[in-house]
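Going in written order, the chains are labelled A, B, C and D, and every chain counts its residues from 1.
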């Protein structure tokens, strides 16, 4: 192996830059030429390549987002685009590719592998919805961002005996909502993995009020079957003792400097991905299992779903009391 | 003067606790008994009083919100309530009152003064919409909160060549939007003080795109005549080169630990308010003029409006280029 | 089991309050009376007990330090004190004790267990030097604090082509120095687990200078055989191209609001500790193994040492290039 | 005027980059060519010039330190170097220079002005020791950094009934120590402007202990006549009830992302500096007076001293009780 390429794809996540730095430096330290692909799969098809030096990734370990520009390119399911990508890679004499991205990006990586191009995936997604890893790049930073927002909302909630409904990201996986609800001291958490009952929510809030709490927090994942704004309307009709307000955290959850955990995870993933390619492997995604870096076939990653652990749900309900 | 009372009223603002601490300690150091009024004007009418010691305000200088519970009580315009409040104050032998709050709260303070009860107001409002002070308690913290949110949104915007519309607080005063727009590097800022033209916004964004910017930021005050969501719809129809997303910052702008500036301002205001009462003054609000603490009659505070300085608007437009 | 006691002991760590909250609420939810012991082992001997309600631990999940006051009490090795402690516990009808603390505190817990008092330990120590758990409460927060300090030092280092030596905590275990060195992009890391060679350090720095780096960072654990200030003197004599400055981070590493990771870990530990007591267990410490909560005998915790993983050292050296 | 040059000099301060951005954009918007001088006065003498576009200062408003590399160059007092600098400026057809820096840098600026080269100074110094401006660039950020460190130390101090001595920057001016002491709730503050008496400090601490405080904080400016470490030794000998620890904050005070206040101040200063040059002015420094931007002759800046306002000292002593 002589030339390595690396790209970031899909929604950005804090820590992508830390991972990019690790891939580039590990490649260079192993005597490889390293090429960065800009603009994700679209750039791959169009050959938006740039050679990287060790200095090009200096000072980026702490930056949010991705220096390589990311983006979605659903057209990549088309085999014509996939073949064009491989032509571009081959004409730049690339021998192996690292794809840093979410579930959708892993599908693209699998397609390239099936066309016999060596590729290793690295999971990055603040939602933590990627099968095969207990934590993806960006999750820890997003959790801290949500937690700080909840801390701020609690300041004002407590000052006014108010309740807040906070909508977090998470279309199919309630991980962010569940964990941030526990560490934010939420009275109730709504996630896609569990049917929501507005009456149960109202009861939990009324209980909190009766127990003398000066505020109440409800965390709702974006993909919950009961939407946050619908929930607010229902709750404000029922008598809970609190006046409800809604905060949709939105894209601030994607930004920010990566935390210590995300920088370390991203670094370890980046090193491991290059080592897998050097060892002649392909079609795998690196993942975290406990505190160990493992690999899992991309074919599994792309067919299975990761869901939030409902054991945490029970924990949250118990601690709210 | 022997007994001093202090209350926080209206929307909470970071630094209210720092001010409360200063009022209590200045009172005690001057040999006064100090009483805290809980639940704002409602608590004043109902006599929700508690005597404070120096230790009661230990460890609160850094806390967001207000320990005394705040709240709105529009019924206080009724003279019956005002007189009941004065009866409560007198029966607790209170000789003077410090009211920490926003514009509405200053109206209540003025009413008490007109009924010949000694009262001094302290301006606290993240919107910075109070006449008579260049900065109110909470504004600097809110600005930093908005700035950090914009920094985070820029991370993700740059990674995807995207544009963000950010709605800040500010119903009648565009101060927060204007200053955060300047320091957040916004392409365009919409404030209540200036008519908005969606075409002008679109042009500014298109220009930014043409100049090679990888992201664009538009900051919109809550009270802008063109609402943030309406603006997004319009912009996404026009061809600007960017895909727009909307983030409504909401109540997180009210929370958080007060900044250095807010802790110092709140402390100086608190000390000055007690000194005014000790000097036999009433019917005044303390304010910041340059770096000096001044006083201004509550009658002026309650009849005039503070608006954002349009000189900053010109600055913002020039720097965006 | 009817009455549960809980204490924090040894050096404080961010997350102790989150753990305390979880212990109290889990106890109450299981119908137990819960008693907090103030002032650690000294308070245990003297009976500084206070009954806790669910509200007493409201609003503490996010606070640094410990509400219960901690402290060292080496005299507790004396069996006389241990027996006095058990007398106090029994006279308050306590049936089981949770001790949240570091390695020294686990020794005290083991002593009580050997005197047949039911006790479960919870590891809290920013140094991460406790055998039997991969992460102790407070480590993640301390890592983020160190990382932010390094980010700040790098700002100024880059502006002046300067090098910084940063001393972190860690008397016997180099974990904090090692991980913060990796995520802070340090050129070199000195830890107690590995002999330091000033010439090797100088070479790494000279190399960095030759490669065009505008700054250099060396992270040194408190317990490294070559002390940070001695290293600085040596490096400033050798020709590395950089002018060195020293920063001793000191006690700021212990403070701060717990991170998401620490709040969750502390919460899970607290719940598990109470569940162990309810299941009739004693003489165990709860720990983290991968992402699972496990238990390990206190007798092992107190005789074995946890040291930093030297695999990370290799990683750090490779990425610095 | 056709060509403008800008440089940062002396110790770096957060906000220098925000100012640089404002200078460059204001210059370009007025049709000027803008040249950045790298490596401060040394680079000026050697002609380390680079033309700047609007995009070159994109994304730097939030970065700590200075992109232009700063540094001290005491040799610039030599007229030979000053003349060489002017030759370099003239050969690059520069018509005016903006110097962003501290007191020493203003001396260099004055020298160039006296040799009839148009120059405007911008005050940047975290110590706030520059005559002619109430706030210099970087002061507000440094204050917030110190405040956050004190908040962290207080967490651990309260948990152990401990006292901390915190050394801040400030060789000749006690501003940082004084203000951070007030907003950090310090029991005592030592500054160069006031003789220190260890017995008075000990008394204040003993008083705090007697009043039941669980911690004590003493803030000491670097330039206090009684050095922080000497103070600690003395205090630990006297009986105050507390065990003292020392934390020297050091260079972390210079780093970090600029706060809202510093970004705005730096931006306004940068715009004003260019406007002064465009108006044909020279030999002036821009400054903040109240909330207005003013100018002051460099000859005054270089001969007068700015010292901390002792009124704040009285305030601090009163509030500590």
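Heads up, the rule we're going with is that a contact is a pair of C-beta atoms (placed from the backbone, for glycine too) under 8 Å apart; a residue touches a chain by one contact, two chains touch by 3 or more.
The structure displayed is predicted, hence computed values, not measured ones.
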Taking each chain's C-alpha mean as its centre, the one farthest from subunit D: A
Inter-centroid spacing, subunit C versus subunit A (mean Cα positions, whole Å): 28
Cα-centroid distance, subunit A relative to subunit D, in whole angstrom: 39
Approximate Å spacing (C-alpha centroids) for the pair subunit A, subunit B: 35
Interface hub residues of subunit B, defined as touching at least two other chains: 151, 154, 158
Those chain pairs that satisfy the touch definition: A-B, A-C, B-D, C-D
Contact set on subunit A toward subunit C in their complex: 18, 21-22, 25-26, 28-29, 54-55, 58-59, 61-62, 134, 140, 143-144, 147, 151, 154, 158, 179-180, 182-185, 211-213, 257, 259-261, 263-264, 267-268, 271, 289-292, 315, 318-319, 321
Residue ranges of subunit A touching subunit B (in the complex, touch as defined): 8, 12, 14, 16, 63-66, 69-71, 145, 149, 151-156, 158-161, 164, 214, 245-248, 250-252, 254-256
